[in-house]
């Protein structure tokens, strides 16, 4: 493999074992300069371990890490130009904001005057020019967040690692910080590697997202790719909400076909992940709630909805959540199907009503079950 | 006022002062039997104080509380048949699950055999039949949650109070518990009063929601009413996401009219909250992102979108979040307007494109500014 | 109920009990302190009028504490001993904290209990056992090798070691508790920002521990200053203040000068205690 | 390399700990055991044997004193708990946040001065012509002065006073860690004040209670000055006998045996206490 | 250099120490207060180190030296023995000579006996009166060997003679113990130091007690009605001495101190502080006036003739006595 300097970070077959437990199992990826890269995966899948290897806090059991094209194996963490924002930020409570930001510069032996200039500069850039003399506990959650980033950015890192930095914030603030983080990355134009188990964070902010599961990357792609063209059942289930059925293929033509679900519902699908699915194989089918239209069974425009899959049922309950409202429909088989609805406040669907659920086979993503994935 | 037994809880002019600080300022409401009632408001607005008065931990400074029609002023907390699920659950760590649930029964002097029956019964109902002998620290977050509810429900309370019980849970679990709580309430068919500052929790679960602000109720209604027909600017801003403009009414006919925003944009609106708005008055206008359609400026069906308000701008960024994706559009005035978009993965709007934002004046909710609300 | 409704007779009674309790706590100190100002040769009623002689008097029989060489010398020795004990205990307390919070070694729990044990050994026994070991060793060395190891004989060093033997437990517990609260990612963060290990220790970890170290030092100082049981057996000719005062009381007869010393100590310790509280209420404590 | 640094620093950290525990605690106690097993047969002549322990067993004075010391220490411990618990509860749960620090500081008052001065203060208060007696005569409550000093009650008051701080501190710290909502939940579920105290607060505070009791008991059983100075003509204390063996009877061997016996006895009591309360030393004393 | 004194409370008054230091500017005096038992225990623990001059009583040297080897012989040529009262010097030498070496010379002497408030206890005269029900709750004693010996005398025994036959001595001790246990109900409290005794006596809490004479003299100063009473069985007399610890490091300074405090002008100061009579010729005349008055009020010549000097304690007796004392203390007598 040739190293072109356009990659800030390259990992190759990176692995980490804790005793006999394989936390990270040979992961490879390259991150282009200046991009926002997220690693999304369930708790315990090895995200933090991976990041700690990049930062130098864990020695890899195998594989290589290259920063700006140069392997950093053997370089101690304080010599790597990779900075990290910790989950609980790890701001130093015994120092004020200025001292926190100046810390890394002092370690590098930068002159006082230079430190002063740089600190004020970075505070300007995070739009907090006046907090230099504040103590850490005098900052709000969002301000702390930004100081933690500034503390790293003032050192001009090649890569900034962020380990679920929003995890500790409350709901409203988290929403706001999502957008803010993205803007900051634009500002500094540095490569960000962002770890999270919250899909909405990963989708909203990232240029590219890696989906991690049990120590391995399942798929790397843009948020849209992952959402609309998941390569594996795991990705389809983990990214975005989905209705999920298991079933058996009754007919298939390579790009799609017919399935009978375990509950006995017939369904048409399109093969996802680009692989042909053979007749008779066990499959999982995923359909996102927003692609299922719920129509009154006796409604006027019943047939107008476009879609080759239909299912009738009774509205069990209505989860009103403004623009993100949803109905739970109990299908004949007895199971609940979720469908997004727009509730405008007049003449909306109500619990107890008979409805018809309609969706297109193009939106029914189907994956062969291999073993028990 | 006559007391019909259909109300499990009635509060009348309930007030609480801490010294000179008025935490709750004369709040009145009635809760019908068996309903799920939420109190939603920002932090510090007095929700917990209100609940503690109902439970009997604080003496009201004024007003009355009636449970099943009978005033409970003067009844000590351990004699009120109102049970409470605390924010951090307050399960007793020195007792196991069985003892936790049995505690209240023992206090009531129920016989051992009866206690045993009831505890196992309630554990069945919360679908955790096998955890009786577990210690509290051996339970997962969601299990703890359910035990805390079971501990109250086993006592057959008239009303169950829940003070942000999901606050301590992580994101995924919180989503799951939302639906679960609602189902449990159906199961037990008991009146639930649920406190939260998370609007999505309140909207999804409740039959009725009271919006609380600075010790007062701004509005009580069903989630849909609050979302679509907010009575005050506070409610419009607090419930659901909104774009918000301030402006001055240039013409008005009682049900709607014309506004010029402070940035100079002309806009038509319909008067919300059912009050006529006079010409020349300062107003706030709210438009929810999902009612704003973003259309390519040079697109084919440019004029097809229906709506009497139009604004052109440039897509600043695109917040992909699956079904809940959103664009930030920089309007001519320079400010950002949020609009929901459905991104299907092919031919979607991209940052930098010129777009036209279109929305109907019926969706532009307008409130007169009184003082500085 | 125990906590809430603010005006019940129960709560009133409770408050009264608390007040009574604090009167109980203060009573012997007040009486010991008050007689320092009694213009009498005996620390006893009746009240003979107010005087400061027991502090500043420079002639017998009313020799004030500031002119009483023996007491001043006792004060000096107490001070020296307490300083050494505090320094040593804080040092060992700190290394113990790192050992037990960061270290990973077999039988850790057992060693931890060993660390706590000195706190529950009666002080008299600690004193005696150290005395016995030290003098047996010294005697043995003298008999076998004709070497006189004077430092093993009762004296300042043994007093310091005796007090240190259990005060180190106190400081270890205090500092360990603080170190447990330390978020280790703070060290990683510093390391990540380019600091060397030594620098991390110096600029992050130790500053974080400092309030606990100071507070532990003050507690160690106070406990050493007032220790009697252990010191009694280990003291040589350089007697610290408590021993001096005891000898004075039991072997000479007390005059209000002892009350004056008590008063002086109360003020001193009070100020120190206040200081330790102020230090612990630092910004990183939350 | 990383490993070596780790090992080295572990050894460096272990050194002070080992020196301390080995040289100042373990070896001295082994020395005591050895000494206690030497029987004196003539001046400067000793033999190995259990004579010093047998002497203890054969002489009711000694074990009576030990039992008396133990039972009075238990009484003092119980009193300290009963008196101290409400105070700790008040500090941790009822006092406002600002009063809390102040009250806590006030609790430390007895620590400001030595045992000696504390006892000295009590003597001035309690003696027949002391402050309390004089005050009571002055108020007319009693006709003639009453002696409050020189009896077991005075010893108990003095000891409770001396040790109560060590009961209150761990109690406050455990109660402090208890979420108020736990108590409220107790009431909310129908418990009255007593139930909540018995079923919730006390079980929760158990580690603190046990820690406080252990330290209090050990301090009491090991105290020397207070029982000597405040005690009356019948008030023997075991530490006093140890002192006597060493100092007045020059019988170091016997004194060492007595010391070991006191240590064994108190350890036994504590072991029993821990067993009965289901706690361990590590999660009680070490936590406070 | 430093002179480390191990001595009795009040045996090194500040005035004298200052005076000494002025005379010998290169010597600092450091004083540790102690008593006979503690002196032995301390020196035993230090192997005779840590102090430069000790002042045990004449009867407590021989056995301690035999058993623990804590003193070194004196160089009598460096002591101004001429000024010493010959009889006392001879007595002490006799008591403290081991292998031909002398280990102590006398410093001061005094007695242990009784004291009473004359108006409240006019007839007080015997050790046994302490247990007289007439004074129930109004007497005190120190639970130390003095009271054992006094009580033995009052029971018609001669304990000093029994020292040669320890079994016999044990019998006496057992009888004494019974008597004192019985007596327990009668006394108010055992005093522990001069301090609590003074307080009880002055405040009238007790009317009579076993005492050191010096304490009684001090109280006489405060209240003329409180007098020292030599018991009719004979007051017990002690001589506190000078002895050099085996590893003393400032022998010269020690000798200087000895000679210094034996000088007449210093004797008066010393006696003023201690209330004891110096073992110098004419020691009684050198007492300050008030003490002289107190002594004269207490002693007749007959009393002086009747003094019983403490006899040398043979090894093992301390242990027997200690156990007896413990027995008395532990007994519940009321």
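Letters A, B, C, D and E mark the chains in the order given here, with residues in each chain numbered from 1 onward.
Simple rule for what comes next: a residue touches a chain if its C-beta (ideal position, glycine included) is under 8 Å from a C-beta of that chain, and two chains touch if they have at least 3 such contacts.
Since we're looking at a predicted model, the values are computed, not measured.
Visitor: So, comparing C-alpha centroids, which chain is the farthest one from subunit A?
Guide: Farthest by centroid: E.
Visitor: Give the chain pair that accounts for the most C-beta pairs in contact.
Guide: If you count contacting C-beta pairs, the leading pair is C-D.
Visitor: Let me check something: if the centre of a chain is the mean of its CA atoms, which chain is farthest from subunit B?
Guide: Centroid comparison gives E as the farthest chain from subunit B.
Visitor: Using mean C-alpha positions as chain centres, tell me how far subunit A is from subunit E in Å, no decimals.
Guide: Chain centroid spacing, subunit A to subunit E, equals 91 Å.
Visitor: Report the inter-centroid distance (CA atoms only) between subunit B and subunit E in whole Å.
Guide: 89
Visitor: On a C-alpha centroid basis, what's the spacing between subunit C and subunit E, in Å?
Guide: Roughly 36 Å separates the two chain centres.
Visitor: For subunit E, what residues touch not just one other chain but two or more?
Guide: Residue numbers touching two or more other chains: 44, 192, 199, 203.
Visitor: At least two other chains touched by the same residue of subunit D: list those residues.
Guide: 127, 129, 187, 246
Visitor: For subunit B, what residues touch not just one other chain but two or more?
Guide: In subunit B, residues 57, 76-78 touch at least two other chains, as defined above.
Visitor: In their complex, what parts of subunit D are in touch with subunit B?
Guide: Residues 179, 181-182, 184-192, 195, 199-200, 203-204, 206 of subunit D touch subunit B in their complex.
Visitor: Using the touch definition up top, name the residues of subunit C that touch subunit A in the complex.
Guide: Residues in contact with subunit A: 183, 185-186, 188-196, 199, 203-204, 207-208, 210, 283-284, 286.
Visitor: Along subunit E, where are the residues that touch subunit D in the complex?
Guide: 37-38, 40-41, 44, 64, 66-68, 143, 184, 187-190, 192, 196, 199, 203-205, 315, 318-319, 322-323, 325-327, 329-333
Visitor: Enumerate the contact residues on subunit E facing subunit C in the complex.
Guide: That would be residues 4, 6, 8-10, 13-15, 17, 30-35, 42, 44-47, 49-51, 192-195, 198-199, 202-203, 215, 218, 247 of subunit E.
Visitor: Which residues of subunit D touch subunit E in their complex?
Guide: For subunit D paired with subunit E, touching residues are 43-44, 59, 61-62, 64-65, 123, 127-129, 147, 149-150, 228-229, 232-234, 236, 241, 244-251.
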